[in-house]
Every structure is written in C-alpha cells, then in structure tokens.
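In the two complexes below, subunit A is the common chain; its partner is subunit B in one and subunit C in the other.
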Partner chain A sequence: MLNFKINSDKIDKIGNFTKEEKNFRLKNLDYFNDTGFPNKKSEDWKFSDLKAIVSKNFSKLDIQLSKSKKQKVDFIKDFEHNYIIVVNGELTMSDFKYEEKSNIILKSFTNDNYPNKKEKNPLINLNHALSDKGFFLEIKENYKFKKILVIYYLFTKDLDENILNSKNKIKIGKNSELHLLDYFVNDSKKNFFNNVYEDIVLENSAILKNIYLQNSKSSGYFHKYSKNKLLSGSHYTSFIFPAGLKFNKLDLEFDLEGEKSECNLQSASFLDGKEHQEIKTRINHLSPNCKSHQKVKNVLNAESKGVFQGKIFVKDVAQKTDAYQLSKAILLSESSEFDSKPELEIYADDVKCSHGSTSGNLDKDSIYYLMTRGLTQLESKQLLVNAFLNEIADIIKSNSIRNFIKTKLETQLLNEYKKH
Partner chain B sequence: MLEIKNLKASINNKDILKGFNLKILPGEVHAIMGPNGSGKSTLANVLSGKEGYKISGELKYLGNSLDEISIDERAQKGIFLAFQYPTEIPGVNTSNFLRTSLNKVRKAQGKKELDALSFLKIVKEKSNELGMDEKMLSRQLNVGFSGGEKKKNEILQMKILDPNLVILDETDSGLDIDALKIVAEGVNSSRNSKKSFIVITHYQRLLNFIKPDFVHILSDGRIVKSGTKELAIELEKTGYKGIN
Partner chain C sequence: MKKQNVNYNQDYKYGFTTDIENIKAPKGLSEKTIRFISKIKKEPKWMLDWRLKAFNRLKVSKEPNWQKPKYPKIDYQDLYYYSAPKSMIDKPKSLDEVDPKLIETYNKLGIPLNEQKKLSGVAVDAVFDSVSVATTYKEELTKKGIIFCPISEAIQNHPDLVKKYLGSVIPISDHYFATLNSAVFTDGSFVYIPPNTRCPMELSTYFRINASETGQFERTLIIADKGSYVSYLEGCTAPMRDENQLHAANVELIALDDAEIKYSTVQNWYPGDEDGVGGIYNFVTKRGACRGKNSKISWTQVETGSAITWKYPSCILQGDNSVGEFYSIAITNNHQKADTGTKMIHLGKNTKSKIISKGISAGKADNTYRGLVDIGRKALNSRNYTQCDSLLMGNKCGAHTVPYIKNKNSSSTIEHEATTSKINEEQLFYCNQRGLNQEEAVSLIVNGFCKEVLQQLPMEFAVEAQKLVGISLEGSVG
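Right, the complex of A and B next:
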C-alpha cells in the first residue's frame, strides 16, 4: 500500500507563512500523518473506508501548486443570477450585477483562528495544514439578495492525481437573506481529490437557502466538512443533489446556537456504477425552540453504495426541540448497498424527536400498474425513480430554478438508463 | 375479440384456474361472478399479462395468441384492466401520467401523439362526464384518493385510452350508490359494437346498472354455469351454494 503521508517541506511550497502560521500547519500535518486517511476502524468512517478507496484509486497525490488558468465558463442561461467563479478551489472572478455591492464583501480566504488540535475527522487537520485557497463572503446586515448567487466550482482538465485543499467561509448578517447554488462543473477525466472546509455563520434572523448540484458525472473524489453556526431566529435550508462523483462524503455539522433557529436538509441522489457517497450529519440543538428537519433519499444502481449517518444531539437546555430525520433508499440492483445509522442523543425532557429509515426495491405493484397503462418496464421504473427523487426538487419554490434542477437531474438519470 | 380455451393458471404451485373457457365477440358484455377464491382476480391478472403465473391453454385476442405479449404491449394493443385496488403512486402527477400513457398507446397504434393542450381538452371533457373534480388531475396518482375517486380515475383512464377489451375487476367494491351510478354510466356510455367488456363482480348490484349480455359463474377455477342476466338475479336469491 502506498504511503500517503505528506512531507512537511510541502508547506513551504504552498506559500510564505509567518512562523506562527507555519507552526499551525506543521502541527496539523503531524495530526493528519498520525492516522493518515481514515479507515473503517474509525466509527465515523466505518461505511466509507477512505484509506482503502484512496489506495485503490490513486498512485500518488500531488499538492496542486500551479496557478489556476483562466477557465471558460458555460454560464447558466435559465435564470438571472449573480456569480462567483472558483477554479480548482481558487476564487477567480465574481459579478454581483443585481445587487447593491456595498452590502457584500468578497475576498480570497485561506485560514482563520482555528483551534490547533487533533480533530476527530483527520481531513480537517489535512485541510488546516495544506489549504491555500478559497473565498470569504460576507453579506452585511439587513440586506436581502435580489437574485440567486451561483458559485461555479470549476475543475480543470489538467487535474490528475492531485489533491486540492480549500476553505470557504460565508457569513450572513443580521436579517439578511441569500439564495445560493453551488454548481460543480468538472472537466477532468482523471482522478483527483478535493478536500473542502466550509464555515458558515448565520447571524440573528438571517436566511440562507442553498442548493448543491453536480453538472454531470465526473471522476472526482470529494470530501467536505461543513460547520454551520445558526444564531437566533436564523433559517438554513439546504438542498443536496450530490450524485455523480466517484467518492463523495459530506460531513455536515450544524450548531443551532440561538433560540428559534431552524435547519432543513433535503437530499436526493441517484448513484450508479461504483459511486460511493456518504452524507453524515450532526445537528446540535443547543438552545430552546429550535427545529431541524432532514430528509435523505437515495436510489442505488449497479455496484453503488450510499451511506447516511445522521445524529441529532439535544442539549439539556434545548427544550421544545423539534427534530425530524428520515432516510429512504431504493436499491435497483443486487450489488448495490445502502447503510444507514441514525442516532439520537437527548438530554432535555420536553422535546419532539423522530427518525426513520427504510430501504427496499421499487414497488412491483406500481410497476405492474404503470405497465398496464402502456409504459414499458424500463419507462415504469424510470418514472418511479424520478417520482421518488423529484419529491425533493419539487419543494424548490422558484419555477425557473426548480425546472433547471429537475432537467439536470432527469438528464443525468436518462443518460444512465440509456446505458442499460 | 377474445377466445380462451382450457386456460390453466397456477401461482406458487397452487392451481387457480383449472380449465377456463370463454369466447367474447365485439360489442358483448360478459359478467363473471363467483365467490372469494374462485379465480376472478387471477383471470383479470392473467389477461393483463401479469408475471408470476404458470399458464397453459390458449389465449387469443383479435385472433392472435397473447402468449409472448408483455403487459405494456397488451395495453398498447387495446386491453385495459380497471383495477380492484388501484395502486397509489406518490410523486407521479395524475395528469402527466395520463398523457404519457395515452401517448404510449397512440404511438403504438400509429396515431399522432397529443400535445399538452389537446390532451387537456380531452381529459377535462372526460373527467367532467364522470363528475370528477379537476383538481384531482393535478394530484399525485391515486394518492389520498377516496375509494370512489380511485375507481372514477380508473374509468377516466378507460375512457381516455379507448381500448377494445375492458376488464373491470370488482369495480363496484367500495363504492356508494351514487358513485356506482356514475361509474356504471361511464361504462355504459363507452359501450359500442366494437368494444367488449368483462365485468368481474361479487354482487348482482352492479349488473343492475351495467346490463350484461351474458353471465358466467366461476367456481374453483372453472365456469360452472352460463346464462343471461337472469342468472345473476337467480344467484342473488340462492347464493353461490344454490348453483351447480
């Protein structure tokens, strides 16, 4: 097995750092090298043995040093939007043409004052050690975005067994509102690893609506750790349509710090081939009267594997918590696999918490019914899969955005079906 | 229209149809009555092409064997089964589904597919005839529909698809008298010299509204008695035990 330990001299190649920052990076590199990529012996990775996956699919992992080249962007034409362009993790361009620019701060971002400790998730330490790009976006108080902001995450075709480490931070000021589309476009046909640290803060009564979408299938291996802090009365809705990567793990942590804050996660994925995808959530109810709602739907074809690990933690003071979690999976082939691990840890006594998890095949009676109406077996299955997944996209309010998302998802599905 | 000779069907090694014979000419309405477990629903399933049955005997539709014909092909050739328990399908919009279905059938029959507008015109007209709330069409297929609404939705599909052979599987079950009248009227108004019906039912009640040309009593996988609609009335008096 290859040794994926990363030499400390790499740090100097990333940039010129103060002694203090260099020490922080070196320390974090030590923490990472201690364990390396996590394997299934670690509870949080027991369904996603990253060490095995990386060893099997990579012969090396280069830290990308070359400056990102100018990249042609295929802009979305279906709806008006502001945009930010991020190439291989690096902020390269932005346009807030529909907004009052004085309310927006956008700059390149690398590190903040993060605690210097061994993290439970070693990829956080790896990111702290190596991250050299990313952006910081701040929306000032009392400003509601007029149009959606699309962040184009572009990956260039020269990526080949590289590892990218980046950090993005978004802060939404008091009473402000942002709608965001994270849109991933990948030109590389080769394997590469993308390790992202995301830091999101919603101040009092702020609203963030976020959609995560892959433009098409690609050979990316993605990991994102996302830390979300919600202050009083703030709302975060996240639609996650993450399918299409060789490997994807989203490790999402939400701190409902302020009273009456709410988070709502909705996810729908169609996994195919040998795709491996995990969504891991931890929702920390830390104040009274907060709500969390999670619905994760997966359709698994061929030898794909889906994982959902969802934990709801309710602190003793967090009375009147309303927490809901549901995971549903449809397995289309004998070789596909879905693992689900729901967890509740509750220290308050006046709470409403529920969770459920189901997995099974497509309903035979439904296929029969549709076929008696003239649809072929394949069309019937396709219709049922679409219906199962569309439930999530159907919640999106804007017609043009919803249609764009649904068309993207349905085209991806159709392309898969054509192969069979 | 349909010719069934010595049809045998078994499922999980259990024999259900044990030599079933029936000949239906265009324009005829045949009622098939029988107690629970006599094989009525199996007959409906086998005619529609449902998988899982071991079948022998002869099954001819419009002069051709149905042996190798799949469920969807049968539907495209004009065989329609109205379900006893229509399946609820979450996430599928009723109106979109009806249009997909109609266009599949039209395409197979060499007709032009309908655009959304012309389809809407047809579906509105037909659903009004059945006293259906138009809002139902924008709901998810059969989800949360009452028993009556589900059955009306089946008849609506029958009217839209305009099949040659209609199998009504216990369409009267779960219907109150008003809904029953509407459903029966929906069937009666579709009757013509080219279309044939198989009406499967437990009770004579439905046959007061849909008048059959022939009545057959099914018992233990075979037709034990055939007659005209008077047979149904006799059956109502004597019960299935009185027949034979």
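Right, the complex of A and C next:
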C-alpha cells in the first residue's frame, strides 16, 4: 500500500512563513503523518474508508505548486451576477460591478489564527499544514447585495494526481445580506484531490443564502470542511447539489451561538457508477430559541454509495430549540448502498427535536399508476425521480436562479438516463 | 464478607441482603479461579478447555471504550468470580432441602419458588449469586420433553446440545465482556424446546446478586427446535451496597425453522443512591439467531435499574422470512446511565424487523439509544421500522439517539423515526384539572408513553413493570 507521509521540507517550498506559522504547520503535518488518511476505524469515517479509496486510485499525490494560468470562463448568462474566479483553489479575478465596492473586502487568504488543539479530522490537519491558497471575503455592516455573487471554482486540465489545499473565509457583517452560488467547473480528466477548509461567520442579523452546484461529473476527489458561526438573529440557508464524484465528502459544522439564529440545509443528488458521497453535518445548538432544519435527498444508481451522518447537539441552556432532520434515499440498483447515522445528543428538556431516515426503492403503486396513464416504465421512473429531487430546488425563491439550477439538474439526469 | 449495608431505603425495596454463609472462589481472575469454578461445578474436560481458551483470548483483548457512559476502571483482580451459599454444595434434591433462608429471600422478592404457589403457573429457575438454587415444575416440563435446568446441569446431562450451541451465537472472541463471561460464567438457565412443542407455561429465571465484591456472570442458552414456541422471563435484583458490582451476562437464543422465542426482561438491579454511589454495572451481551426459515425472536426489556446499563439485545436474521423484534423501555433517574438499543442484521430474504424504543431520562441521568440496522446485499425484500422516542424531565439530564442504518439493496425498505421532547404542559394541565396531582399525572402520561412496549410483556410482568415505571420516576417531578 502507498505511503502518503509528507516530508516537512515541503512546507518550505510553499512559502516563507513566520516562525509561529511554520511551527503551526509543522505540528499539523506531524498529526497528519501520524494517522495518515482516515480509515473505517475512525468513527467519523465509518462509512467512507478514505485510506482505501486513496490508495486504490492514486499512485502519488503531488502538492501542486505551479502558478495557475488564466482560464477562459464560460460565464453564466441566465442572470446578472457579480463574480469571483478561483482557479485550482487560487483567487485570480473578481468583479463586483453591481455593488458598492467600499462595502466589500476581497483578498487572498492569509492565516492569522493558529489554534493549538489537535483536530480530530486528519484532513483538517493536512489542510492546516499545507494550505497555500484561498480567499477572504468580508461584507461590511448594513449592506445588502443587489445581485447574486457567483464564485467560479475552476479546475484546470493539467491537474494529475495533485492535491490542492485551500482555505476560504467569508464574514458577513451586522444586518448584511449575501446570496452566493458556488459553481464548480472541472476540466481535468485525471484524478486529483481537493481539500478545502472553509470558515464562515455571520454577525448579528446577517443573512447568507448559499447554493453549491457542481456543473458536471468529474474525476476529482473532494473533501470540504466548513465551520460556520451564527450570531444572534442570523440566518443561513444552504442548497447543496453535488453532481456526483468519485469521492465527495462535505463535513459541515454549525455553531448556533446567538439567540434566535437559524440554519437550513437542503441537499439533492443523483449518484451513479462507482461514485461515493458523504454529507456529514453537526449542528450545535448553543443558545435558546434557535432553529435548524435539514433535508437530504439521495438517488443511488449502479454501484454508487451515499452516506449521511447528521448530528444535532443541544446544550443544556439551549431551551426552546427546534431541530429537524430528514434523510431520504431511493436505491435504484441492487448494488447501490445507502448508510445513515442520524444522531441526537440532547441536554435541554424544553426542546422539539426529531429526525427521520428512510431508504428504499420507488413506490411500485406510483409507477403502476403512471403506466396506466400511458407512460412507459422508464418514463414513470424518471418522472418520480425528478419529482423527488426537484422538491429541494423548488424551495429556491428567485425564479431565474431556480430555473437555472433546475435546467442544470435536468441535463445531468438526462445524461444519466441516456447511459442506461 | 459481612460488610455493613447501606441504610435500608424505601425507594429500592429489594435492597436487603441475606446473611448466608458463602463459599467463594479465590479472589481475582486467574487460571486458578477458572479451574476452581470448573472443578466445583464438576465440569467435563471439554468445558474447562473451552473456558481456558476464552481466558487466553481475554489476555489479548481490550476493554471497549467507545460507549457513552464512562466508568472508573474495574479492578478485575479485586472481584470474587464465584460465590455460592454453603448449603448448596451438595445439591438439594428437592425444594424441601433448600436452606429456608434462601426460600425466604425469594419470597421477599415475590418469586413463586414454592410449589404451593403452583397456581401462578410460572416455572422458575432462581440464580443466587453464582449458583442456580432451584428449578420448579421440572416434572411437568419433562413430560413434554422440554429441558429447563441450570446450565451447569445441562453441561453434565445434555453435553451434546450444549457443545453444539454454546458460543455459536456469541463466539468467545466476541468482545471483552463476552469473553470474560465465557471464561468465568458460573450458572444460568438452559432451555431446550423439542420440535413442534409449545411450552405450556412461561419460563422464568430470577437473578440475585447477594454477596459483596462479587460479579455475577450468568450464561443463558435457549434453543427452540423446529416449530416450537417458548416465552421466557428474566428478572434481576441486588442488595444495596455502596460499591459497584459487575454483572456481565451472556444470553444466546437460537430459533430453528418456524420456531418462536419471546424473551422478556425486567431489569431492576440496584441503581445506586441519589448521589450516584454504588449500583450495578450491567454489561450484558444478548444475541439471538433466527437460524431457520420463518423463525421469530422477540426481545422485550424494561430497564429501570443499574448504575450503568450497557446492552444491545440483537437479532441475526439468517433464515428466509424470519422476524426480529425489539421493544424497550429504559428509564434513568439520578445518576444512572443507560446505553442500550439493538442490532438487527438482515441476511435472509424477506426478513422483517421492528424496533420500538422509549427512553425516559430524569435527574442527572443520561439515556442513549444506540442501534444498528444492517440489510445485506442478499437480504432482498427486507423491511425495517424503527421508532425511538425520548422523554426528558429537567434540564440536567440527557437523551441521545445514535442509530446506524445500512441499506445495501434496492428491494428493501428502512424507516427510522426519532423524537425528543418533554411532557406536554397541556396534557399535564388537563390531568391536573381532572383531579390528578402532578406526580399521578406524570405517571399516567409516562405509562401512556410506554404503553406500546408494556403491552408486549406477559401479564405477570406487565403489572410489575408498570409499578416499576412509577417508582423509578418518583421524586423526579417538580
């Protein structure tokens, strides 16, 4: 089996760091080298044996050092938007033509925070040790974005058995509002690993609406850890539409620190082939009167595997918490698999917490009904699957954006059906 | 051994001790202790070898540490692994020869050991510390070909059955406590129901830990042959002591074609006092195998006692069309901790399982449901339904749900639901308005909350369990 130990001299190659930062990186590299890529023995990775996946598909993992070249971008023409372009994790271009620029700060990411604690997740350690790219975006107080901001995440053709480590930070000031579309476009046909650390802070009464959309399937291996801090009255909504990758794990952690903060997560995905996708959430209710709502939908075909690990934690002071979680999966093939672990850890009594998890095939009666109306069996199935997944996209309020997302999803699905 | 008891406390009515002279194995866990146990039980060599094999395995295995309740390290060398009333050395032939003090103890516990109480119609095997004291109704059962006896007797009289099935569901290398039990188990019940026989009465075992510094390691083995049916009850109590006692039992159930086993437990080991001093560590491995087609295993448990409860009665659904059920009420109060649930492992086609779990947490207690539903690739058309509800009383306690759900084929369906809440104020108000005081109202609502599970219990137990539910929560309101 491949040994993915990384030499400490790699850190010097990334850049020149202050003594403090270098120590922080070295320490984290040690942590990573101790454990390596996580495997099934680790509780958080029980259903996704990354060590096995990496050693099976990679012969080496190079840290990508060369500067990213300018990329031609296929801009979205369906609606007006501001944009940021990120190539292989690196911030290259931005345009805020619809906004007052004085309210926006955008720069390349620089680390100024070196937490001492050992992270449980070795991939975060790896990111701490090696990250050299990313951006920092801050929206000042009392500013509402007029148009949506699209972040184009582009991956270039020359990526081949590389590992990219980047860190992004987004801070939304008091009473500000931002709508965001994370749009992934991948040109690489080869395997590469993208390891992202994201840090999001919502100040009092801030609003963030986020859509995560992968344009097409690719051979990227993605891992993203996202840490979100929500202060009083802030509101976070996220829609996740992954296209299906060889490996894709989203590890999302939310701290509802301020009273009356609210967090909504929705996800819909269609997996095929040997794709592997895991969504892991941890919602920490730390103050009274907070709300959280999660809905994760998966359709699994061929030999794909879907995983959902969701945890709701309610601290003893967090009375009047309202937390809800639902994961649903449709298994279309005998060889597909869906694993879930919906967890509740509750220390306050005046709460309303519930979760549900279902998995199974399409309802035979529904298919029969549609066939009596003249549809073929395949058409009936497609209709039911589309309806199942569209329920998530239908929640999006803006017409132009919803239609754009729906068209994207439908083309993705059509491509799937053509294959079979 | 006559250690001072903790003050007799109204809340735990089984907290008395019986002063009976005991024979004990040498203190500590060693090959010597195992040989001693095996010798005193007059076991054949194959049994001793089996124990020693487990002991060797134990040397290399480690105590698990993933569970939620943490406990101080157990000193396995500071425990007695065998303790028996002296009068039991030469086994009494009938109940008349049994030490009257023992009979009195069981009478205090309300166990119908005496044949006079024939009308209650439950065959009882009573286990006092490490030995089985008496088994009632033997004759009637023998007529039907049913074997119901202490496992130590079965090892001598029915070695073929024991050899064939012992350790076939819980292998000796399973995990630390199961291995420990395999090495030092002292007694327990053995049940064999012959083909096409319906056991005419409920079989019951009553476990009691009396001596101090002892652990109880009982082993139960139930085999239901083709087309048979048995309902088995298990009850447990222990005296109140300010030390922690270990109870690590293994229970194995085997259901062959068309057989059904119903296993009910009312567990009321001493839970420790209000400050969490003392109490039993209840680390139990219970597992049933539905080996045959159309077989069924149903677990019902009411867990009110023990300082720490840690058990997952499981079903391995091997036979096609087999059914597994799990009904549980776990009540924790004061400093009690419970980490309990089930595993349903679907291997055969058309297998079904149902899990109903009700957790109630009060005081400073922690209650965790932890379960696994695993539907294998070949278990086509399988079905699982899981419902876990938790009730919290007060904001110092915790309720947790940790289900693992794996579905590996498309023709199977899994549904899982869980809720956590407190008692609805409006319901309480309504009850108060009708003249019930706060405590009665809570008791009524809790009983309603648990009803689905209580209904599954046999009559004799249902009444006791309902009372227990009330008692366990006393003082937790207001």
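We adopt the following convention: the second predicted complex is superposed on the first by the 417 of 420 C-alpha atoms of A that agree within 3 Å, B and C clash if a C-alpha of one lies under 4 Å from a C-alpha of the other, contacts with A are read in each partner's own complex, and residues count from 1 in each chain.
The rule we apply is simple: a contact is a pair of C-beta atoms (placed from the backbone, for glycine too) under 8 Å apart; a residue touches a chain by one contact, two chains touch by 3 or more.
None of the values given here were measured: they were computed from a predicted structure.
Participant: Should the superposition on subunit A be reported as showing a clash between subunit B and subunit C, or a fit?
Facilitator: fit
Participant: Kindly classify A:G273 by the partners it touches after superposition: subunit B alone (first), subunit C alone (second), both, or neither?
Facilitator: A:G273 contacts neither subunit B nor subunit C.
Participant: Just subunit B (first), just subunit C (second), both, or neither: which does A:E391 touch?
Facilitator: first
Participant: After superposition on the shared chain, which partner residues are touched by A:Q319: those of subunit B (first), subunit C (second), both, or neither?
Facilitator: second
Participant: Which of the two partners, first being subunit B and second being subunit C, lies in contact with A:Q377: first, second, both, or neither?
Facilitator: first
Participant: Which partner, subunit B or subunit C, touches the larger number of subunit A residues?
Facilitator: Answer, by number of touched residues of subunit A: C.
Participant: Once the shared chain is lined up, is A:K341 touching subunit B (first), subunit C (second), both, or neither of them?
Facilitator: A:K341: touches subunit C, not subunit B.
Participant: Which partner does A:G15 contact after superposing on A: first (subunit B), second (subunit C), both, neither?
Facilitator: After superposing on A, A:G15 lies clear of both subunit B and subunit C.
Participant: I'd like to know which partner A:D365 touches here: subunit B for first, subunit C for second, both or neither.
Facilitator: First partner only, subunit B.
Participant: Using only C-alpha atoms, work out how near subunit B sits to subunit C after the chain A superposition, in angstrom.
Facilitator: 15
Participant: Intersection of subunit A residues contacting subunit B with those contacting subunit C?
Facilitator: none
Participant: Quick check: in the complex, which residue numbers of subunit A touch subunit B?
Facilitator: My answer: residues 363, 365-366, 368-377, 379-380, 383-384, 386-388, 390-391.
Participant: Show which residues of subunit A lie in contact with subunit C when the two form their complex.
Facilitator: Residue list for subunit A touching subunit C: 43, 46-47, 316, 319, 329, 331-361.
Participant: Which residues of subunit C touch subunit A once you look at their complex with the stated criterion?
Facilitator: Touch residues, subunit C against subunit A: 66, 377, 390, 392-422.
Participant: In their shared complex, at which residues does subunit B touch subunit A?
Facilitator: 48-50, 70-72, 74-76, 80-81, 83, 86-87, 89-92, 97, 100-101, 104-105, 108, 157, 161
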